[in-house]
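In order of appearance the chains are A, B and C, and numbering begins at 1 in each one.
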Amino acid sequence: MGINLFQILNGLTFAALLFIVASGFTLIFGLLRIVNLAHGALYLVGGLAGYSAAKASGSFVLGALAAMALMAALGAVLDRGLLSFVRGVELRQVLLTLGVALILDDIGLVIWGGDTFSVPVPQALRGAMRVGSVMYPKYRIFVLVLGLLVFIALWLLLNKTRLGALIRAGVDDPEMVEAMGINIRRVFLGTFMLGAALAGLGGVIGGAFLTLYPSADAEILVFSLAVVIIGGRGSLAGAALGALLVGLLNAIGQVMFPELAYFVIFGPMALLLAFRPLGLFGRAA
Amino acid sequence: MDRRRFLKTTGLTLAAGTGVLSAPFVARAQNAPIRIGLMAPQTGVVAAGGREIIDGFSLFWESAGNQAGGRKVEIIVEDDASNPDTALQKARRLVEQAKVDMLFGNLLANTGLAVANYVKGNGTPYFIPVIAADDLTQRARIKNVIRAGGYSASQFPRPLADWALKQGYRKVAMISQDYTFGHEQCGGFAQTFTEGGGAVVGQFWHPLNTSDFSPYLGQIAGLNADVVFAMETGADATRLIQQYASFGLKEQIPLLGAQNSTDQSVIRTMGPECEGIVTSAHFAEGADLPATQAFVKTYSDKFGKIPSLYAFSHYVGAMWVAKAIATINGKVEDRDVFLETVLKTDLPDSPLGKPVRFDDYGNPIYDVVIRKTAKNKDGKFWNVPIATYPQVSQFWKYDPAVYMKQPPYSRDFQGIKKA
Amino acid sequence: MRAAPLSPAAASPELPIRKSRALPWIALVLLALALLPMILPSYQVSIATQVLIFSVLAMSIDILAGFAGRTSLGHGAIFGVSSYVAIYWTSTMGGDIWIGIALGILAATTLAGVFAALAIRTTGVYFLLLTLALGMIVWGVCLRWTAVTGGENGLRGIGRPAFIADHVSFYYAVLITVAPLTWVMWRLVHSPFGLTLRGIRDSENRMRSLGYNVPLHLFLAFVVSGFFAGVAGGLYVLFNNFVSPSTVQLSQSVSGLLMAITGGIGTLLGSFVGAAAIIVLENAVSAYTARWPSVLGLAFVLIMIFAPEGVVGRARILLVRRRSRPSTQRRSGG
């Protein structure tokens, strides 16, 4: 089977979704140094909550906003409520988030019942449009555009605002920032909430074309891990590049080597971790 | 010192553990209740179907007063977590610890196979309304495994292939999940379709949980097929149907499917993209038969949704076995008699709407209904019958002995008859 | 990123137990375990066997996590590969069960070597993530290589040899296998090699500057750890008679790690407590509810917050505190 424009577009649109989700993950990993294994659960539960909100209100946008708000709140609870007990010991934090992931996933199952849900696509985005030589679903083009917008928004945030400067400084050297008298805890909390909100947004966006079902959280988490490992901790450009790589590899892998589905992504990730653990753009702690 | 503490903690843990573990261990008394171990995926990727298995099964027993053959019936539910290791562990627990009289349930084929091979060794009756692996009632038949309310995977696609030929379709493109269930359904379709003069112009197998069908849909579009047959379950079914529509194929090539593709568990959350798909099954929830509609109404009133395959099959399976238990006055301990009685029991009035009975191999013979997805009066989608094929067994029109000489369906063997 | 030990207990001073004091206790524990089948019903004996088998897996994880400071999420895959090879050898190739198990252990040890070669350069969470990724690759292979692994259907074993076919004799067979294995692991982590590992765990830089070949030690520790995980996998074959991709899945690694943590990372013997706690808890919870994942998640959260050093680890800390209180002349460590 050859690769055609279709598959490339699929890779790009999946990359856009991955970027939205992984950017949140890398911010939390970069600044708070927490590998938030509950990120996938935030995606799924956020997506489900957004689905319910969108269905109830009839508005896709409202659904997305609801998901982001809810997940940001949940993120705050997670950071202040649970992670505050295990500050400083990274592995403890990681394993705690793993526990949270199990709980959140189960709560999602209890509340929504485990059916496969499809977030309703707004009328304007239904159907296909011409892209080059192919007819391609409008909604997926929207995802691609949204991914770019999120990248720009985050880039502006990180590079043109004071908060962003604090975050970047904190990624490099949290002790220094604290020594300058800044309440680094508030920056951490804000970042965590932002990361969680991005996961929730991802859930709604992804839920419209990939659907939401019980193991979707593990799948997206695993992809996000690959993106962030490849791209490097705390780097937005790294997340973008990593997402592109993983998205395209996944699309190509599905077409050319469907038997080796995970290997196509995890092989490079494992090799990269083995020889360049910091990823493409990561900085040392 | 820490070793003393260690000993104490271990001792206490073990003592507590023993107490906890021994709790469900019940002494057998003369008029003890009949214990049924129901395994269903309550967690994991097919949890929604598992929920319906439990609901459908329990609904029957509730309506029967939780008793059969003069004895009380106790149901013990265990989660098989959608994976075979857990299914095996739970089966062991149910049989050896909870000492159940029979096992019921499971959803995914691999969980059913793991349990079937376990009960092969100890003779516990195991009823599988949803596990459809062909060989369990064919070449690798286990005598204490019976498909009460169940079917074999290749059973229903054959009449569908015949119907497709009658519509004038001669070229089919097939897309399916790449595992045994998919291989067997497609094989059933392909063999009948090609033996009737049709041709399979392309077969596409994709891994379970494929999010992107465009590589396959792209190719299918270029094959000049008259009709497409899609064997999908769960989230894959939802996505395929959606993408079939969003990539424009819905208007071009009619879509046929396995019954799982348009089961309620898939279409109840979908919109117009799932309309007009033709499948074949042993029931149609939109069939205008009193028994079917009564069941649909009772189930929807209680659970707020139209029942799916999982609910239907387990209700029917429970009903069937309950009837057999009544025939032997509740004496399920005599396993040979019990199993024989089940096989000889006919079920004339189940929600399936038509009478059913077993063939000589533990698989039921059904009137297969060719059904199409359509909107009901409430605006929800369900399947309505458009044709019926009476008395279809797992062997279709073949002689069982001759049929079983051909290899089981697999990716490599699809029974395709060369032109 | 510094390689922070998982818990303070792992870094706490060891309590040297004089052999003469320990022996009667060891004998008592073994006696209690030997008498277990007389007080438990047959099915519960099989649960006790399961605890023993998974204790070995948990201990293998502890060797790396507690003593070398490297927490792995790939040991489930190593464990499961041993089972796959053993069952493949017996069921598909028709070979002898004992050779099959030996081959399985060899395969697990080799796989651990491969993992080690890739993972040695990393520490902390990166090590965790790398072993997780490697485990996922193994899972993917087991799921897709249907011709060899049976795909999602898994592989069925040929059953246990007749002399250990029933629950009680099998329990004793496992007991007399696990007891000496535990002794070997104990001696290993208390040997000079083990002390070097602990030095590496506490401060890799210092060990390097002292001239120790750190990568080699870590590599060997991983391989040895993989060997014991492989042994657990072989015992599992006899226990379960079935292997499927779920056996090598991430959840297996997570479960093993939780058992090690619950008992106490760095205590080795705590694994028995951890395995017993988790397995018994699962049996108890599943009888009443399908919400086992929530319970497991909650266990993770609570342990990480309140008792990250585990049951035995906490006991040890309390003991050190108690000992060091009365008189400063009493030796409390070293």
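Heads up, the rule we're going with is that a contact is a pair of C-beta atoms (placed from the backbone, for glycine too) under 8 Å apart; a residue touches a chain by one contact, two chains touch by 3 or more.
Since we're looking at a predicted model, the values are computed, not measured.
Q: Looking at A-B and B-C, which one has the bigger number of contacting C-beta pairs?
A: Top pair by contacting C-beta pairs is B-C.
Q: Let me spell it out: compute each chain's centre from its C-alpha atoms, then which one is farthest from chain A's centre?
A: Taking each chain's C-alpha mean as its centre, the farthest from chain A is B.
Q: Could you grab the centroid distance between chain A and chain C? Build each centroid from C-alpha atoms only and quote it in angstrom.
A: 33
Q: In whole angstrom, what separates the CA-based centres of chain A and chain B?
A: 36
Q: List the centre-to-centre spacing of chain B and chain C in whole Å, with centres computed as mean CA coordinates.
A: 38
Q: Among the residues of chain A, which ones contact at least 2 other chains?
A: Residue numbers touching two or more other chains: 106, 259, 261.
Q: Quick one: which residues in chain B touch 2 or more of the other chains?
A: Residues 43, 207.
Q: For chain C, give me the residues that contact two or more of the other chains.
A: Those would be 144, 293.
Q: Once bound in the complex, which stretches of chain A touch chain C?
A: Where chain A meets chain C, its residues are 33, 35, 82, 85-86, 88-96, 98-107, 110, 218, 222, 225-226, 229, 259-263, 266-267, 269-271, 273-275, 277, 284-285.
Q: Using the touch definition from the top, list the residues of chain B that touch chain A in their complex.
A: Residues of chain B touching chain A: 43-48, 50-51, 178, 205-207, 209-212, 214-215, 218-219, 234-235, 238-239, 242-243, 246-248, 265-266, 268-271.
Q: In the complex of these two chains, what residues of chain B are touching chain C?
A: Counting only chain B, the residues touching chain C are 1-7, 9-11, 13-14, 16-18, 20-25, 42-43, 77-79, 83-86, 88-90, 92-93, 96-97, 109-110, 113-114, 117, 121, 179-180, 207-208.
Q: Quick check: in the complex, which residue numbers of chain C touch chain A?
A: The contact residues of chain C facing chain A are 1-2, 4, 6-7, 71, 117-119, 121-122, 124-126, 128-130, 132-134, 136-137, 139-141, 144, 250, 254, 257, 261, 291, 293-294, 296-301, 304-305, 308.
Q: Help me check something: in the complex, which residues belonging to chain C touch chain B?
A: Residue list for chain C touching chain B: 15, 17, 21-22, 25, 28-29, 32, 36, 39-44, 46-47, 144, 151-154, 156, 159, 240, 242-247, 249, 269, 272-273, 276-277, 280, 283-284, 286-287, 290, 292-293, 311-312, 315-316, 319.
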